[in-house]
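Dropping the structures in below, format is structure tokens.
The same chain A turns up in both complexes below, where it pairs with chain B and then with chain C.
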Partner chain A sequence: MEINEGKFGVQEAVCLATISMSTKIFFTSPAFLTNYVGNAGWQMTIISAIISIIVFSFVYILLKRFPGKDIIQIYDISFGRLIGFIFSFVFAAAFLETAAMLLREFVDVIKVYVFRETPPDILIWTVVIAAVLSSFLGLETLARISKLTAYILLVTYFILLLLAIPQYNPTNLFPFFGYGIDKTLIHGIRRSSAYGEVMILTVFAGSLQGTGYIKKAGFISLIFSCLILALGLLAFSMAYPYETTQELIAPVYVLARGIKYGTFFQRLDPIFLFLWIFASHIAISILFYCAVSCYSKIFRLSDLRPIIGPMAVLLYTLAMLPRDFTSVIEGNVHAIREYGWVIFYVLPLITLIVAAIRKKKGGTQNA
Partner chain B sequence: MRRILVLILILSGLPALTACYDALEVDDWAYVYTMGVDKGISNKLRITVQLPTMKSSGGGIDGGGQSSTGSGNKDFVVISLDCPTFYTGVNMINSSLSRKINYSHSKYFVVSEDIAKEGMGNLMSAFVRDRQIRRTMHMIVVKGKARDFIKEINPVLGTALSKTQEGMMNMEKVNGFFDDNDLGSFIDDIKSHKIQPVSVLAAINDFSNYKKEGQPTDEIKSAGDYYAGELPRSDGNKTEYLGTAIFNGGKMVGEFNGDETRALLMIKGEYETGSYVIHDPYNSKLLDTIIVNQQKKPDTKIDFKKEGKPDIEVKIFLEGEIQALQSTVNYESMEYKPILENKVETFLKEQIDKSISKALALNSDVFGFGEKASMKFLTIQDWEEYKWLEKFKDSSIKTEVQFVIRRTGTLIKTNPTKDGKQ
Partner chain C sequence: MSIFTAMRKLFIYSEPKIHNLGFELLESDDEGALQPPNQTQANQNTKNSGLNNNEMSKGNKNAIKPLGVSEWNKSRKGDGENQKLNPSQTQNQNQAQNDTISKDLSYSLNVLKEKFGVPKNEDIVFRKFKIGKKLDCFMIYVEGMIDKNSINLSMLPTLMSKDILEDMGKQSPVDFLIETVIPVHNLKKESLYGECIKQVLSGASVLFVEGCTECIVMETRGYEKRSVESPKTEMVVMGAQEAFTENLRTNLTLVRRILKTQKLVTELIPAGDINNTMCAILYLDGVASPRVVQEVIKRIKSIKTDLIIGSGMVEQFIEDRPLMLFPQVLSTERPDRTASFIMDGQVVIITEGAPFSMAVPVTFFRLLHTSEDSFTRWPFGTFLRLLRLFGLFCATLLPGLYVAMVMFHPEMLPTELLASIVKSKELVPFPTLLEVLIMEIAFELIREGGIRIPSIIGQTLGIVGALILGQAAVSAGLVSPMLVIIVSVTALGSFAIPNYSMGLAIRIERFFFIIAGAFLGFFGIAFVIFTLGCITCSIKSFGIPFLTPVAPKTKANPDVVLRTPIWMQDKRPDPFQTANRQKQGKNVKNWALKEEPKQKDDNSNGNK
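And then the complex of A and B:
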């Protein structure tokens, strides 16, 4: 018996995927990629998005072969139970690890700037409890909350970028190709997993009205996320010389702190905090739910609620595992960004090839 | 059962309404207005903080209390301490205060000239790491001791110190006598491969240049000829912000006076307005005052000669208004206006060339020509290999000033004064 995750439309799906993909702009990723590509980070993320769109086109072909099936079922059908289980498990683990690292990155960065005296445990559990509650309320609720907040988050984000215009110096965009086109291209391809969260749509495939809707939601969310990330990176590249961006933990926060229009209209960091906390909470909840959903589907559970608690403990444990912030950004987050594509992109592509070779299709799951 | 559950749920939420037991309220903090750094005597650094005492009876510092650092009911207290680093110093100061020091609302970061000349790259890099430090703070280099300067930061007009501090920095837009570089830009520029940092230059004016008695003179000195602390004035704020400290990397290597600073701002395209005094084209004993505004951003072109030396051309577009004419020549007319315009153009070009020569001699690209030059390079490696900041001194820089008098003030003609002989 399958889990009934409810139904939602393309707009909700776009919001779910876009929030999950674009939240990383608030953390250390911009500084990290500036180390690799200099001021050409915005070009790099466009390359990453193009790669992701191409990969997602193939994923769409895969989903089209199995109408109404989600990626976990497709792995099972294409490879059989054992290999399908391994693929699905890796997929679920990747979502959980991504959620945990986003959580840890969020907590460490917010501790540096805002909640200096609050124990990290309390901050982590606050987010974990939010994720647990959202999971109990179900995917449909999560999708609707995403849609509700997405507009506010998007408007706040663009207002922030617009208010920061006086801080921009377009000459900071030069030398135009940063550390070189070759480096931008290589890192663009390698870090295409920045958009790997688009794969949540394949997990929730059953909740969308059909494969056509997934295609639409996937492409739109990828384009939106690319816009959000590229504009953010372009803004940082203009606001600070590359030597400075490489040093900053959270360039968006620094950008918000720099907004100053006269003696009255300044210090807008609290507005940014709202954006930061909401976006991070929702993104972590989505990824957590996705991991829970994958897990329940792997074991063909009829109800995912019993595993939310244990998974929450796992999320907390994973988030607490790195011993310090340096290990988080140089180890885990770096690994997810650099090698996440192997899980998010290569596994579905292998599945497509295998399904084509083995001539597996939609109605043949019991074959 | 359901009612009991609801009751338990409601009761369990009650502790949340009490807020944090260990929260720090506004009056638990000691907010620093100004921070300063001098060379220490009994330790490496001498840090100074200016804090409000929160003792004003008229509604607080910003609400109408008298501001004074003299004896009696002080509104601000200035504390100095010798320490190894800034932040350990803040900790040490807290051993004598009942409130926790908070510098997230600081407006000024004041550094003494001797520290600036010794090099402050490392100091600044370390300083900016703290979350309370805002990049929007104003960066000021002072002649003499930072502590002495901070003690004199006191509102003469109004009562709000923070407003006085902000207002003072806004004077850049009124007279162009200093280049208000904030802390963020200063640190960016220290690390940049394209531009060298500058800072506001300030000093205490002890009013000694104001001669109470003596022989009247016909000697003319433009307002912009002065450096900070030298204006011949009496009364008002003892702190004076005039001129620019020029850096090469993290080291202060020279300074610009008021007029040179205006030229710097014009080249950067950041100059807004200011009054200039020039000798009348027909009678050098008479003085004409012109308001000069920057019309648009300068047009800067950079090329590289065969030997790789930079060849820079700067075209500056200015416009102005006649503010005061001692001469009776009808400069408002189409016939004479170009004569006055040419005179101003020549004067401004001289000022600009003087500033450029000074910067070239100091090998400090404070104008940011490197930012334009970097557009000629495709990759950061090529750009960094070129070593712009080293080669800046070899640049040949041509300047052109275009000046147009747009308006003539409230008069369209100046009739001569008549005496009994005529």
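And then the complex of A and C:
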């Protein structure tokens, strides 16, 4: 018996995927990629988005071969039970690890800027509880909360970028191509896994009304995320010289902190804290639910609720594993951003090739 | 024991329960169709399900009773016929026979006296007399529930006049009386004692005639009731000033007076096993979703309780998620608003005994609308709605944000403001959390006291309130002046919430935000908003997600948060799955379009 995850529309799917992909703008990624490409980070992310769009086109072809089936079922059909199980398990583990690292990164960053004396356990458990609750309430609920908050998040984000205009200095954009076009291109391709979260749509394929809707949701969410990330990176590049950006743990927060219009409208960072926290809560919950959903589908469980508790403990454990903030940034997060594409992009591409060779296709179109 | 069970449930997995709460109003083929298919079948099913419920609720009433000698003889005669019927049918037949009105008038009198517990029960009146001074009969009614004038001055003199039976011939007395004698506007025949008893208890008077197996139920209701007054909880400046009363008939009339259409259907269903409170279900045939109508009927019929007093109790029995804070039905005391709900394709329930109607399904955004929004022009309506949204924000978050800001994020306050807050808090002995909680609880007490207090001593409450929340508390150094302002603005915000149940939910949620703000600052508040948001997203009201048309996105008139011009609102809300989506035609300066050809005609005539 399959899990009934409910149905949702393209708009909800776009919100789910966009929030999961764009949240990383609030954390250490902008600073990290400035190390590689200088002030051409916004160009690099556009290249990554283009690569992701190309890969997603192939993933769409794969999904089209199996209408109504999710990626876990497609792995099973294409490879058989054993290899399908390995592929699916790796996929589920990747989602859980991404959720855990996002959680740890979020908690560490928020601890640096806001809650210096609060034990990280409390912050981590709070987010884990939110993820557990939303997962218990189901995918439809997650999709709806994403949709509901998406407008607010988007408007607040752009208000922040607009309010920071006095901080922008266009001369900071030069040298225009950063450390060189070749480096931008190479790192753009390597870090295309920054958009790897778009693959959540393949896990929830059964909940969308058809393969055409997945294509629409995937491309729109990739374009939106690219715009959000590129505009953010462009703003940071203009606001600070790239040597400074490399040192900032959370450039968005620093940008918000620098807003000052007279003596009254100043230090608005705590207001934008809401933007940050909401986006992180939703992104972590979605990735966590994705891991739970994949795991349940691998073992063909009819109810995913019993998995949520143990998986929450795993999420907490994985988040607590890195020794310190430096190992989070330079170890785990770096690994996910640099090599995540192997799991999120290469596995589906291999599946497409194998399915084409073995002439596997089929499935039912959703009503 | 209960703790042990709870602990066990925590650790042991149980399969998800399958129950009817999973009703979902999803897209279907009949959507948009004027004539919903399978309605008759659905009706049939409901009737059957209702029968089953009744049978279940009756329990042992259907058990086989010992027969009397005469009954045994009768049953022996009919043995041959009965052999063909199954036992349950035979049982039902026996029961029906026992309940059938007897030709023997004295037998009927004894049966009814026994059933009503007379003479112990003193307000049941049995009035014996002779029709036309010849035919024995008796009338039964409840003292105080009938219109005495119509019985004393109209019915009894007519029935007791001498020559009244001269033209009867061979016609049945009951039919003759109904057709030619009794001067009552609404009459009907009944053949079962049970039905007669129900009618008598609801205020009708019933006439039993010698030699007839039927009686006449006469509409002579005339009990004391409150007259129609102006609304008490949903006042408007522009618009109708009528509100519902406790009387069901009056309420139905008020709605019918607005919706003058034969498509308006009123189904009456009794709820409450003992008090049989009537629930009227109103909907527009061909507009309301038949599935919602059936679901409402099913839920009301499945109520198993002795007593139903008013719509509030019915609401608690039929709502989808009883553990949630937000109301899942929309209560209103205004007939005009009720009519607009019906026109939008919602189903309205009016219960006897309460001056409120309930509309289902309902969405979150509808709970923030008032009838004033529609009565005023769109810029004013939009302004009022935005003001109300700001009120909602203040009522929910303001104290929590204040606590979080003072305790965790003072850096965001401008230096002057921070200095004045710190200065005002210097003499206050309580920590911020305690200070806010004391003030909020004091305010809630004043509000609750204000509702319960007799109006004669109402002024006292105002003085006490001013002392607690006002200058006296500040002078005593118990609270800071800033907090008094915060609590006052919060109170004003909560008064702006138009729905009372929604207002109560917000009042409770406010405390969650205060505590979360005190423990984790803005992070805590964001956490509570996220969790409450998730829970709210998961609520459904009669199969419709609570946050439609925003999450999930559905087609809707531009009348969700902002109130756009009335001519733009041409569709019924999509989530209600109405059979007829179109609410109005194109009304953009229609008068100008019509006048153009007329002007041309006039010109041409003038030329001639």
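Quick notes
In this text, the second predicted complex is superposed on the first by the 362 of 367 C-alpha atoms of A that agree within 3 Å, B and C clash if a C-alpha of one lies under 4 Å from a C-alpha of the other, contacts with A are read in each partner's own complex, and residues count from 1 in each chain.
Simple rule for what comes next: contacts are C-beta pairs under 8 Å (C-beta built on N, C-alpha and C of every residue); 3 or more make two chains touch, one makes a residue touch a chain.
Here the structure is a predicted model, which means the values were calculated and not measured.
Once the two structures are overlaid, the count of chain A residues touched is higher for C than for its counterpart among chain B and chain C.
Shared-chain residue A:N169: touches chain B; no touch with chain C.
After overlaying the two complexes on the shared chain, residue contacts for A:G180 are found with chain B alone; chain C is out of touch. In the superposition on chain A, A:E117 makes contact with chain B only, while chain C stays out of contact range.
By the document's definition of touching, of the two partners only chain C reaches A:E12; chain B does not.
Once the two complexes are overlaid on the shared chain, A:G258 sits against chain B while remaining clear of chain C.
Of the two partner chains placed by superposition, only chain C is touched by A:A130; chain B is not. In the superposition on chain A, contact of A:Q266 is made with both chain B and chain C.
Of the two partner chains placed by superposition, only chain C is touched by A:H281; chain B is not. Look at A:L148: by the touch rule set out above, it reaches chain C but stays clear of chain B.
Common to the chain B and chain C interfaces on chain A are residues 263, 266. Residues of chain A that touch chain C in their complex: 8-9, 11-12, 110, 114-115, 118, 122-123, 126-127, 129-130, 133-134, 137-138, 140-145, 147-149, 263-264, 266-271, 273-274, 277-278, 281-282, 303, 305-306. Looking at the complex, you find that chain A touches chain B at residues 38-39, 112-113, 116-117, 169, 171-172, 174-180, 240-244, 254, 257-258, 260, 263, 266.
By the touch rule above, chain C contacts chain A in their complex via residues 13, 15-16, 405, 408-409, 411-412, 414-417, 520-527, 529-531, 533-535, 537-538, 545, 547, 550-553.
Remark: chain B residues 22, 131, 134-136, 162-163, 166-167, 184, 187-188, 191-194, 368, 371-372, 374-375, 377-383 touch chain A in the complex.
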